[in-house]
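In the two complexes below, chain A is the common chain; its partner is chain B in one and chain C in the other.
Moving on, here comes the complex of A and B:
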């Protein structure tokens, strides 16, 4: 019981971090970024390359993953989203193709086989019969710190309020002097950074492999659909629903089915409440 | 030189032309009303001044062309806009809505908040309320307040009284006058309700189907029988 609780909390914190970068882009830019999982992929491999292959300090590897993710977000905005201005289907197809393309690049450079990431912080603590790797604990705590900082940033800085403003009323933001293009680019950069860092944590939680962008994308989409896009707080709540659902499924039903109920939940919510549990689209 | 000069301004929605060759000036320190029926092009005119539509012609603020400038640059140059549907940020508090308005004028936040709270004491009492749960009158106040947070010299207000109770209309009229008299703003409003415009503005212009058909003081306009019958109800 305690074991399930602890594992649920650890996983849910990570899921919230994964989902929040996706939510940001949907709320501010109204784009379903189907290449979002690719940030996690690139983040994981960047960390692997710098920290494990080149032997740089682990935190430098995390930071570099964040920087590469940030650059990727900006490139995606400038090269795909801006030129395709407002054409949502084209943007979504292009982002999906981009994800597959990046997967191929990763296979070309690093090979097809999965890799084990050395833990960011080695060691394991046993609590109530559950083995808790320090690495997962660190990932959960770091996720929480990042999420709280993000929440404070969005609530209490001019830039953060402008992000909310663009997400709630584009015309209102424009006549307030907010440059939506700048805010969008910043949001893409932020989303890429968050996604890439989440990728390091996610890969160390599971493993590093070229197809690892799919599962996080489904988690992010699930959180967005179940939560009704919604606020950072909404994202947190739904990430916990999804995280605990997975942990409960693998503890009491079968580990193989852990992702299945998440997808069933998506379908049920789509049919029952298409606008999601919380049903608003703003930050 | 007039604060706002508009010369041969036309505006378009795709191929449809919504404004036809408008030419007029707004003198500094005046309150001007643009009167017109539903669909005449009032909102389009204010949107156009704000850089939100496709236009031809010239718009100058203080002699500087602002035609086709971006809205954010026009805000910086000193134009504030309270649009017809307010376009507030519904899930943000009154205070945060106002603070977004200060995006381009961060040094003036204290001064402007003071002014707004003096003009609309209710906004200070309700500063932590989300605007989604506010009445029409309160939203109009937030909308005006947000426009004032950018420290404008020219305030554009689209149909300030639409849907508001008569008592609130008087409050708004009073505030617009005080903005001109105490805070030396120049105000351009639009109205369907010509009597409200008469009570407030020294100069009135009449817009019909995108054409400027008359312009003058309220006395001049009410002596024209056709206009008087159509807009002033006497």
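Moving on, here comes the complex of A and C:
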């Protein structure tokens, strides 16, 4: 029982970290960024290249992953999202194409085979029969810290409130003197940074391989859909629902079925309550 | 329907070109052409659902997979003849089409796209776990009965199927039904405001798309003789279908065919230079540039080119 609780908390923390960058873009830009998973891919490989192949310090590797993710987010906004001017279907399709492109660039540079990422913080602690790798513990704590500071940032700083304003009503925000383009670019940069850092943790939790962007994308989608647009706290809660659902399924029903209930959850929530459990009413 | 003699002349010319092709090209090229034909079928199916009505499906393999798995299980596990199992597979896929339709009655845009993606992932995980004795689990099934032997026969089969589906789709889309479906893609409220039943129209589009997907999927695995969940319910497969339809030109019948042939041959000609999956780098890069330049596809570029040429000619 305690083992399930611990594993559930660790996995949910990771999922919250993965989902939060996706939530940001979905609520501020109202855009489904299907290349979000590619940030995690690029982040994981950047960390692998700098700290395992070049031997830089691990935290420098994480920081570089964040910087590259940030640059990628800005590039994506400037080159793809802005020229398509709010054509949502076109943005979804071009980000999907971009994700496949980035995946094949990774294959071209690093090869097709999967790589093992050394944990960021080595060491394992055993509590009540559950192994807690320090790396996962660190990821869970980091994700809590990041989420809470993000929540404070969005609520209390000028920039954060401007982001909220754009996400509620872009026109109204423009009338109040908020530069929506600037806010959007900032959000894309932030989302890229968060995604790339989440990628380092996700890759050390599972493994590093070119197809690793699909699973986190689907988790992020599930969390955002079930949580609803524009709710950071909703993201946190639903990440725990999804994480515990997976751990409970694999502990008590069958490990192979762990993803099935997540998918059913997405489908049921989208059809039954499209605005999500904690989101604003719209559509 | 506004049919003109040159429509039939062009279709006839296209069919004759495809049918005499085996006399001139090698076996290897024929095998590539077979894949292009099947990709064209899937792209037409995707386009009927998404290109026309604007309900973007990211889970089209969900439908293709239902057709493919139904006939595979029937022939392999229950020794049903292919003549019976393929029609059953098509009917099963149409039932699947109704399942995809359910969310489309309530949600649209990005939300609908996400539900279809979730449906594909769901069936991918279920197929491996529920009754692996029937589905073959993670490894899938091999040694399925095949419809044809040899590249030339396979080519004729795939090309006939593709042409039949393309011609049917083209004719259907020229009727009032086709016009109404495109109208849904432009403005759904206006269609329902004109007194048409949007639900019935969407049902027609989804059933028609599922019919093509089921037929294509069933015949495809009886060409391959094997089925594997990872190759079928794959986001890269979705990507290939969508890109083929979009690059060629969504909302047209010739577009998806042109896109499928273009992309299959592009991948094939890149093989000597980039043997592995890094070929997708050129492929997706090119697709991204083409799509950003003209979201309506190559077909539109072609027409724009003709119009420009026309204007130049008149000026002189």
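Observations
Heads up, the rule we're going with is that the second predicted complex is superposed on the first by the 278 of 283 C-alpha atoms of A that agree within 3 Å, B and C clash if a C-alpha of one lies under 4 Å from a C-alpha of the other, contacts with A are read in each partner's own complex, and residues count from 1 in each chain.
As a working rule, a residue touches a chain if its C-beta (ideal position, glycine included) is under 8 Å from a C-beta of that chain, and two chains touch if they have at least 3 such contacts.
Bear in mind the structure is a predicted one, so any value in this text is a computation, not a measurement.
Partners chain B and chain C fit side by side in the overlay (superposition on chain A).
Residue contacts after overlaying the shared chain place A:256 against chain C, while chain B stays out of touching range.
Contacts of A:165 after superposition: chain B is touched, whereas chain C is not reached. Contact with chain B, but none with chain C, is seen for A:178 once the two complexes are overlaid on the shared chain. Look at A:270: by the touch rule set out above, it reaches chain C but stays clear of chain B. When the shared chain is aligned, chain C comes close enough to touch A:218, but chain B does not.
Looking at the superposed arrangement, the partner reaching more residues of chain A, out of chain B and chain C, is C. After overlaying the two complexes on the shared chain, residue contacts for A:233 are found with neither chain B nor chain C.
In the superposed model, A:60 lies in contact with neither chain B nor chain C. Between chain B and chain C, the smallest C-alpha to C-alpha distance in the superposed model amounts to 18 Å. Residue overlap on chain A between the chain B contacts of one complex and the chain C contacts of the other is empty.
Those residues of chain B that touch chain A in the complex are listed here as 50, 52, 70-72, 75-76, 81, 83, 86-92, 96, 99-106, 146-147, 149-150. On the side of chain A, the complex with chain C involves touching residues 32, 80, 83-84, 87-90, 92-94, 96-98, 100-101, 103-105, 107-108, 112, 210, 214, 218, 221-222, 225, 254, 256-257, 259-260, 263-264, 266-267, 270-271, 274, 283. Of all the residues in chain A, the ones that touch chain B in their complex are 158, 161-162, 164-165, 168-169, 171-179, 231, 280, 282. Chain C contributes residues 54, 56, 58, 102-103, 106-107, 109-111, 113-115, 117-119, 121-122, 125-126, 128-129, 235-236, 238-239, 242-243, 246, 274, 276-281, 283-285, 287-288, 291-292, 295 to its touches with chain A in the complex.
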